[in-house]
Every structure is written in structure tokens, then in C-alpha cells.
Amino acid sequence: MAGNTFGQVFRVTTWGESHGPGVGAVVDGCPPRLPLNPALIEAELARRRPGVQAHASPRREEDRVEILSGVFEGLTTGTPISLLIRNRDVKSEDYEALREVFRPGHGDFTYQAKYGLRDHRGGGRAAARETAARVAAGAVAKQLLDQENIQVLAYTLELGGVRAQTRDEARLWDNPFYCPDPGAVPDMISRVEEVKARGDSLGGLVEARVRGCPPGLGEPVFDKLDAALAAAVMSIGAVKGVEIGAGFAAARMLGSEHNDPLIPGGFASNNAGGILAGISNGDEIVLRAAVKPIPSIAREQQTVDLAGRPRTIAVRGRHDISAIPRIVPVILAMVRLTIADFLLRQRANQ
Amino acid sequence: MAGNTFGQVFRVTTWGESHGPGVGAVVDGCPPRLPLNPALIEAELARRRPGVQAHASPRREEDRVEILSGVFEGLTTGTPISLLIRNRDVKSEDYEALREVFRPGHGDFTYQAKYGLRDHRGGGRAAARETAARVAAGAVAKQLLDQENIQVLAYTLELGGVRAQTRDEARLWDNPFYCPDPGAVPDMISRVEEVKARGDSLGGLVEARVRGCPPGLGEPVFDKLDAALAAAVMSIGAVKGVEIGAGFAAARMLGSEHNDPLIPGGFASNNAGGILAGISNGDEIVLRAAVKPIPSIAREQQTVDLAGRPRTIAVRGRHDISAIPRIVPVILAMVRLTIADFLLRQRANQ
Amino acid sequence: MAGNTFGQVFRVTTWGESHGPGVGAVVDGCPPRLPLNPALIEAELARRRPGVQAHASPRREEDRVEILSGVFEGLTTGTPISLLIRNRDVKSEDYEALREVFRPGHGDFTYQAKYGLRDHRGGGRAAARETAARVAAGAVAKQLLDQENIQVLAYTLELGGVRAQTRDEARLWDNPFYCPDPGAVPDMISRVEEVKARGDSLGGLVEARVRGCPPGLGEPVFDKLDAALAAAVMSIGAVKGVEIGAGFAAARMLGSEHNDPLIPGGFASNNAGGILAGISNGDEIVLRAAVKPIPSIAREQQTVDLAGRPRTIAVRGRHDISAIPRIVPVILAMVRLTIADFLLRQRANQ
Amino acid sequence: MAGNTFGQVFRVTTWGESHGPGVGAVVDGCPPRLPLNPALIEAELARRRPGVQAHASPRREEDRVEILSGVFEGLTTGTPISLLIRNRDVKSEDYEALREVFRPGHGDFTYQAKYGLRDHRGGGRAAARETAARVAAGAVAKQLLDQENIQVLAYTLELGGVRAQTRDEARLWDNPFYCPDPGAVPDMISRVEEVKARGDSLGGLVEARVRGCPPGLGEPVFDKLDAALAAAVMSIGAVKGVEIGAGFAAARMLGSEHNDPLIPGGFASNNAGGILAGISNGDEIVLRAAVKPIPSIAREQQTVDLAGRPRTIAVRGRHDISAIPRIVPVILAMVRLTIADFLLRQRANQ
């Protein structure tokens, strides 16, 4: 069965290709009586479209959202919320050369293998454009989390090897890299410029945090909260690794170092990243995602065509140098969707 | 809704606590006409019970499995396969002291927070004992994968900082650490002895590989194969991070380094770890999991009791020094279950 | 969890209210490479909109469908198919009087009880308008069934007590009641005129048949094919009963009468209605649905308002006298969706 | 995907064949802190085993249930509840003659068609024995419903054409037919004796009622409460039709007759059967099921064998004359499971 639905109770189904009429999401299971209007959603979408920045793709997406159902007189009704974001500024002719050639690092080869045909224009369903629907749905989840005073953050921890040294969350959205360390931004800019000049691309790390999450969320043994968060974040195209709390560093720690002592009212440390035995423990949830470099690069690469013959390719068109920072609001959305879903799942358990 | 079911088509529901009558699994959706008998399952279970080794828990589990349904005259019938593994050698009195105290690093606190009560004996449902049911179900999945010539491997890559330098897969199961580098075993033993003497515990890394996986498995956009594998492996208690292919290292690579060039018949490298855009590409699937040190340690730790009052605790009883190597067959089982499920899901798509 | 998704593999999520911007469906899990264009869908929708007939609601719905995704160069791609049908000709002011009064026989009271608010305009999500999305999705299923030579029929068996005596399937869509007995149509017209004059409404029976269904579809023990068909059809607003094969008549038959003898190549009779032990047996599947009279009647009725105070109501507006014949293509769609889903589910089992 | 799981939140997976080691159920999603012990379950199972009656199958099932997990110190823990009922008194040799012959009216032919093999002993998974697991799970649901003061009833409305004329619910379980009209029992006995002498079998009608169900349960548009109840009851082997409230009679009623006027505090009538637009309205839920005659009859019948050759068969062995009354506690269980699930689903919506 196909996999375009996320969540069990707060359930989102997305659809849409990068060069079709649009992308969208149907949110089913959103509780009734929450305030919702297009502006709340478009504010989140705007962060996914950093067109004002020098370092982002020049493609300008006018991300207007139309709420087609599920909202009446400004409030959710408990019925499915259908969100439509029209695609604009799509130039399909740019992609005609890709009809018969597979781009390395992209889903071209695997979509062809799986479905026996593919929409080759800009990656179709595998394009980053798909994540606009996630961000729109995540904005709905935000309304629910706000009501429960649960706050979710996401930011760039590292870009092309340049790492944030401080975390000034108040200035997160002020800089073009969504980086909590304004001091690291100049180095990030230099790194991007350098790599851009070589026709290459960069990866990095994104960190997400959940504050105010009540203890008790997570469904052992398979739908543990950390397992669900890992799947949520790993389902984003460019992510190749996910870790919770101490994460991979835990592999070299001793038990006496890693265990978080319990103290009255909480925990003395947070190596667990806010999740114990797959259930939130009330502490801050901390998650990091490894983001691979964008596969569309200007440098010539070796590949094959539909008939399996060797070809070379240099990807042209409007491409970012890194999935960062545009992936930051996507990771934010996926974490919000996960927490919203488990919040409602826990209500069902009681 | 509770989370004790794994998979969509090849679907496994597990149950059982460490100190109750037993643990088990119901496998629904296994295709008919596969050979299955208890010995095939018990062979896998034996690897989870390294009682012959000096370094493992002295608790001896006589893991006999009873097939209660779904098999007729030695073949699966397409109806649910119910597997029962009785618990033996359980000494609940050992745990009476834990009724009112939360062990650091365990699920004691979160189970209490979630359910309002808990079976405190040995961790109950959160105990490692639960994974015996996963291994039993994974042995059923193995029968299906064998039929398709899909081979899954898992082994210890690193234990307590001691890393395997070679990968001699033929000798994997010969040594007590399920390590593919026999030369690393003496160092692993030394490391374990050293830490054991200090009343502490160790973590490590486990790697899994899938060979012969056909291209086309994985269900974009949310049930991508890598997302599903991440959830599958992260759902195991001790796992705090998962990466695919180049994984976290990808964050510092350039696009030109990370992209795997396509060549006639396959790929020139495998940074993708066998998965592109969430769909298997026919190359070897490679996954690594970070395993935290076992939280049950003999050293005294700070904690609180049910009433929130400060307490100290030194966990007694029969405990391993590391989840490795016993977690290796569990990770193997979870990967098998995931691949089996997506294999059948892909059949439904066509 | 909310219930706007139908099916497991061929999976449809619908959304939309009668007086919002539109209704729609997302079809996920449709196999790739099927031909699909708006005209194929609009042909089915046209049967749901018998505006050319004297006896149907004068509201004219211009049911144009926009395929927003999942189709590339005329073929399905295996990705979600998003269908949008804009609402037109909606006069919300007609309904202002209903904001505070519950219409008897409608979902007004229960939607208010469930969600704590409701879109009172024309029934919102509970309106018949919702079924346009089902019909559109059913038209997609038809493409799959056509490929497998599975034919689904539905027709009016009885309207207001006037029963079809013959079954001339070739003339089904020729008459305004979708009745296979053209001879019964004049009596149906008389019955409708008579009841309309009294400001009242009528119910009836619809029968559906599936031909060419291979044996083996249906998933014991809970997702038996008859159980799924019963749910599919009962999920349509006006349906109050469903029976398969001999149905309720079976309650008074002897085993020797009811059992269908097996003969080489099939069965000597079909009291089972094509389903044995929840699995299709290769014979024709036969199902009947009881359709209640439309609750919107011009005659004055007793009711209460939001505050629980007694009120009277006479429903005005553009209403049909019976859900028949417009429900016929809806039942057709639901049976198609069910068979398509189980066809793909069976592929996954093998 | 296979269909042995029922429910979304209160979720039951059953397994087991009539002549294997046993049958059982795993209940996942039962809220914690409910009292549960084997005696509560066995009391329900006893009603499914009317061995004390002259008119029931002489096979004696010693239905002892073992709770293998999910209960600690007498209370549910929120973890999966595994229930095991061993089969006893099974004589597989009785069935050897059926290995190659299909019994008319049974699942023999369709199981063979679906799975390519079958456990021919007593029907395997298609046997009535399977329903013991449903009744056991339903007994768990009863604990939840009791806590909410929701009462579910089921009884024989008609057997072999003999209909109950009164409904003395207090005496339901006193008579061998679970009939609320003690006066009808002698006629039922006569009817049974008469048909038994002819080597034939009988069908009938069962009615179920739910009292105290809060308004608001049911998930439009596909998981309406009536749709779910229809599937739940139709998933029982012998059921061929289901109706809610006025049911099939509604097809011949006028809107003015069928609509239930709202009055302060409720409804003036209950043609809706307690469900409006798929959502409970707070009134009594009323449902009727048509039960076909048992297909196993002593009279000789025409059939075919595995090779498709004509054969005759006269089914021997220990068989009831009717699925009634043993089906009554099964229908009771399925209604309980449905209401329990929707009760928890509604909690998740809020």
C-alpha cells in the first residue's frame, strides 16, 4: 500500500508533483474548534521559501494556500481540512532533457524502477516541492500544540562543516540560514560561496527541540515516540540519519555517564533527549538530523539513460546549494505533526 | 491507539512482559505455503540467548516456541501465525525493591506516567525480554525472504569504543560478540572486563545489510524505506540513533562526493546505502544503529520514588554489561520484518 | 480517529462540505499506468446529477473535476491522485434559519453533539454533496476493474413500494430512475408525484452486482468481503440495511434450500450472493441496500433548537423526493472501491 | 493485507483454527486500570457453549482462558492483553474424508481458491470455533463499557420462522435459545426437532441493543457507527444481512413516518435505531442480523472435489441445527467491541 498518509489520529495525506497544478494536504482528525485561516499557514510556508536570500534558489513560489474544507467561520469543524497550494512559475521545458536520463542522487532511477514510468519534470513527487504540503499541514498541527502550550523549535546546527557555537533562539529566523548562532553566519556564507563557485553542493545538521511536551506520549513497543520521530524526519528526502538526545555519542559512553539521574521534579541531565523507553519523560525532546548535500550539481557527473547506456549529465536549472535552510521548517513541521498525533493518541488511551 | 503492531501487510503484533507467563507474537499476512516449524524459529532465538558466553547475563531462558496456529502440515496457511514463548526462570521477588523506585535510564518513570500503574518486575513490557517475540516473528519473515533470495545480515561494528576493522562475515556467529572482525574480539573482552569490574556498562554500534533486495521497495512520501527502517530499528529499546549509507558523515560531504554515479547495471559507489528517494535501488542496503549503554548498573545512582522523594539505587540482579551482542539478532529481525513487509506492499501496488 | 479514509491498499480520502468551496478525493494506492482523464470521471458524476429529470432536485451542479496530481501524460503514475470538484450554485442564505434548529432525520443534532459546532449550511459534511467525491474516486477504481474485466452494476430495485419485475440491464441508464424494468417507471413516476404533492418523501431498494470477480477476494476473519461491502454501502447516508445473496430471506430457509451445490465449473445456485466464508467464490456478487426516505420534507415537523426548546420546522429549499436514483451511482462507486481494494489486497497476500 | 484485526483504538487481533492447539486474541489499546480476570471472560464464553442443552452440538469445549499478558495484580496495564483458549476434544480423524471434497455452503472452496491450501479439519479458521476468541475479547470490552455504564444486549428474535412476540430481557439467558419471549420457546423446540429429524438446519434473526451510549460516537464519512456495526456483525460467518433501526422496512416508509421528531431530552420515536448521519444520537441503538441456516447437514448434497469432479456429501460429525443461539454471544461481543472502539476513538477527537 502506498505511503502518502502520516499519523494515526492527527492524520495527514499529501499529494502533488513539482510541475503539476499544485500540491496539497488533507488533514483528517484535527480536533474541532481550533482557529485556522490561510494567513497562519502562509506564515509557515514563507519560511520554506527564502527567496529574499542571495543563497537560495531563484525560483519564486507564490505560496498561497486555499482552505477548501473543514473550517467554518474561522474554526476547525472536526471534518477533513483540505489545503491547496497552486504551483506557479513552473518551466517544464527545462526538464525535457531529463526524460531519458537519470540524475545521480535523485529518485529518477528508483521511481522508474518502482512505477514503470515517472513524471521527470523536476523530480515530480520526489521533488522538494512536495514538502510545502507538509509545512502547510504542520501549521495546522501548530494550532493544536499552541493550545497545549507545546513549543517546537528547529534550526541549523551545522552547514558545510561550519557549526553553530551558541544557541540564541530569539534570532533564529533573523538570518538566512535559520542558525541560532549569528556569529557563524559569515562563515556559512563564505562556505556556500566557495562551493557554489565550484558547481558543488553542501550538507549539514539540523536540530529540533520540543518544549512543554507532557510525559506519557509514545506508544510502545513499535510506535515509540523516538521511533516515530525518526521515521517522520527520515521521510524527508535529504535526511540520511537521525539521533535522539546523546544519539551516536551514546555508543561510546558508560552507563554511569549516560543515565540521567532522576531528581524531584525532573532529571539532572538529558542524555535521553526527553524520551525513555519510547515515552516522553517531560524533559525537552532533542533530535538531530543529518542532511546530505543536494544532488543537483552543475559539475558533470556519470550516469545512465533509460536504456542503461552510459551518459554524462550536468544538472542545470534553479537549484539551491544546500537543502539547508529550507529543510528547517520542514523538519519543524514533521516534528509538530508527530507530537500532535501522539498527543491525540494518548487521549484515546485513557 | 496503542503501538504493538508492526507492518502493514506482513503484520506482527507482539505481547508479553518479562515476568508474566510468556511473550509472543501474532504474524498476520504471511503468504501461504511457506515451510515453518518451531526449530527454524528457535535457531534464531538461540542467538538472542548467548548464555554459553562468559559476558552475558547468567539468566537462562529456555526459549522454546509453540506455533499455536497458521501452520498446517508444515506449511503456512495464510491465516494468522500465533507464536508462544513461555517465560522460565523468572524470580519476581528480586524486583520487589523496585516497586516504588524508578531506575534511571529505564522506562519505570515513563510507564508510570503514561499508564498510572506498571508491572515493576524486571521492566515488564519495557524489558529486553519483549524482543524475543520480535526475533520469533523475524524468523517467519526470514522464510519469506529466503524464498526471494534476499539475505539480511547484522553484526557488531563497535563495542565500548573497540571497532571492527575487517568484515569477515563467515565468522560472524562464531564469536561471543557477533563481530565480523575476530581480531577485535580480545580487545572487546578486555573492555567488557574492565567496565564490569567498575560496575558500569557499555554501548556500541551495530550494522545491518540487506543483499538481493530488488529495486522498487519503499512507499513515498512518508513510508519511505529508510524512514521505515529507521523506525523499525529505533523502536528497539537501547537504540538512540540510526543512519543509512553515509549517514551522519554525509553532512560534511560535497554533492560531488556523495552522489553515487550510475553505471550500466548499477552504481559506482553506495553512499546512498541502497535507498534513493526512499525506494530501494537494488544496491546493498546499509544501516547503522547507535546502542546506548545498558542502564542497569551496579554503581549507586541518584533517583526518586513514586512520591517524588530523593532515593539512591544500585541495580542488582542478572544483567548484561551491554545490549550488544544480544541486540544484534533483534536488529536483524526488525530489518527482516521491514523488508518482508515492503516486499508484499510492492506486490499490492502493481 | 476520524473516518474519512476508505480502503487499505486502494485508499480514498474524501473531504468537503456542501456549501464550502468544493469537495474532493485523494486516491492513494492506485496502480501506475492506468489511463485517466477528467472526462472518464465526469461521465460517472453526470449520473449523480440527474438535473435533466423532472423528479430530481432543481439545484444544478456543474460537476467539473480537476485532476491535480498523480496523472502524467494521461496515465496514472502510482502517486496520489487528487481530485477537485468545485461547488457551484450554492445559496448559503437559504440555510440561515437552520443555524439554531435541528432538522429531524438529519445529522444536525449529532454533528453538534460530536463536534460542539457545525456547518449548518445544507448539512455541511453530512450532505449528499459529499458523495460526489465518492463517485469521482469510484471512477478511478473503474479504470482498474475494467483492466481486470470486472464489471459492477447498480440499479433501482424498488422505489416507494413499486418494484422492478424484470431486469433489462441494457436499459438501466435510459430512464430517470435507473430502473432495469422500464415497465415499472410509469408507476414510479405516479408514486413520486403523489407523495411530492403531500410534501413527503420516499425510500426504496437498490441492488448491486459484481461480475467477473475472481474467487479469492476477501480477508477473513474481520475484513470478509461481505463485511467490507456492508460497511461500504452502509456508510452512505440514507442506507439503513444491507443484505448479501438471499440476505434476510435466508433466516427462514432450510440448510438444504440455502446451500448452493457445487458443480463442475461453479455453483448450481447463488443464495450465497457470490461470497462464502467472507471470500468471493467466482459467482456473481449480489447485494441489496435499503434506502430510507429523504428526511427533508415540506411538511411541518416537531423538533428542538440548540437550547433544547421545542420548535417546528418545514424544510424548504431544493430537495429530492427520494435519495433514489441519485444514490445508485454512489452505491456503484462504493462497490467498485471495495472490489478494487480487495483485488489489490489479494495481490499482497501472494 | 490480511484481516484478522478488528478496531482502530480498542484493537483485537484473533488467531486460531478449530483443530489446532487453540484459539486466542490479543487486545491492544485497552485502557489501563480496568479489573480483569479469567472468570470474567469465562462467564461470557460459557454462553457460547450451550452444551447443557439438548439442541446444541454435543462437542464439549472446556473453554478455559489463560491471560498471558497485560494484566498485573488484577488490573489491565495498558499493554497488550493476550488471551489463550486451548482446544480440547478435537477429533481430527472425523474430517479426513473432507480433505478432498468441498462442503456446500462452507468456506472450503474459497479458502482453497484464496490460499492454495487449507486446513480441512472442521473448517480450520473458517469454523465457528474462531468466534470463541471474539467472545473472549468482547468480555474485555465489557469491562470498559461497564465503567461507562453502557449496556449491550443481544437475543434471538426469530428461529426457523418462530418469532419472539415479547421482550422479557430479564429472562434472556434462562432459556436454551436466548429468547426474550419464553412463550415462543416451546414452538422453537418443536421446529428444531422437526428439522433435525429431516437432517436439515435452520436460520433466524438476532437483535442487539445498546443502552447508555453517549451521543457523538461514529466517524463520518466512512467509519460511521452504523457502517462499523454492519461490518462487525457481517464479519460473523453465518450472517447474511444487517439492518439498523427501521432497517429494510424504511424502504417503504414515508419521510414523515420515518423521521424521528426531536423533543426536549431526546427523540419521540426511534426509527433511526439510535444513529443519525453515522453518529450515535443518545437513543438506544438497535440492530438486527439475518442468520443463515447452518450449512453442515446430514442430507446428501451435490458437490465437487479438489479436481473439480462431481461428488456427493452428507456431512457427519457433531453439528448444531442452527447457529442460533450460539451466535447470540458472538454478536453481543462484536457490538461491544465496536462500541468500545468508537468510545475511545471519540476521546482521541477531542
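Brief remarks on what is shown
We just call them A, B, C and D in the order they show up, numbering each chain from 1.
Operating definition for what follows: a contact is a pair of C-beta atoms (placed from the backbone, for glycine too) under 8 Å apart; a residue touches a chain by one contact, two chains touch by 3 or more.
Since the structure is predicted, the reported quantities are computational estimates derived from the model, not experimental observations.
Think of each touching pair as a link: the shortest run of links from subunit A to subunit D has 1 of them. Should one ask which of A-C and C-D has more C-beta pairs in contact, the pair is C-D. The most distant chain from subunit C, with centres taken as the mean of CA atoms, is B. Note on chain placement: the centre of subunit B and the centre of subunit C lie 46 Å apart, centres being C-alpha means.
Computed from the mean C-alpha positions, the centre of subunit A lies at a distance of 38 Å from the centre of subunit C. One finds 27 Å separating the Cα centroids of subunit C and subunit D.
Contact with two or more other chains is made by residues 1-2, 4-5, 8-9, 14, 29, 32, 78-79, 114, 125, 220, 344-345, 348-349 of subunit A. Across the complex, subunit C is touched by residues 1-2, 4-5, 8-9, 11, 13-17, 20-24, 26, 28-29, 32-33, 66, 68-70, 72, 75, 77-82, 84, 114-119, 124-125, 344, 348 of subunit A. Subunit C meets subunit D in the complex at residues 1-6, 8-9, 14, 102, 104-107, 109-111, 113-114, 125-126, 130, 158, 160-161, 195, 200-205, 215-224, 226-228, 230-232, 234-235, 237, 240-265, 268, 272-273, 275-282, 290-297, 299, 301-304, 308-310, 345-346, 348-349.
Of all the residues in subunit A, the ones that touch subunit D in their complex are 1, 9, 29, 31-32, 78-79, 220, 344-345, 347-350.
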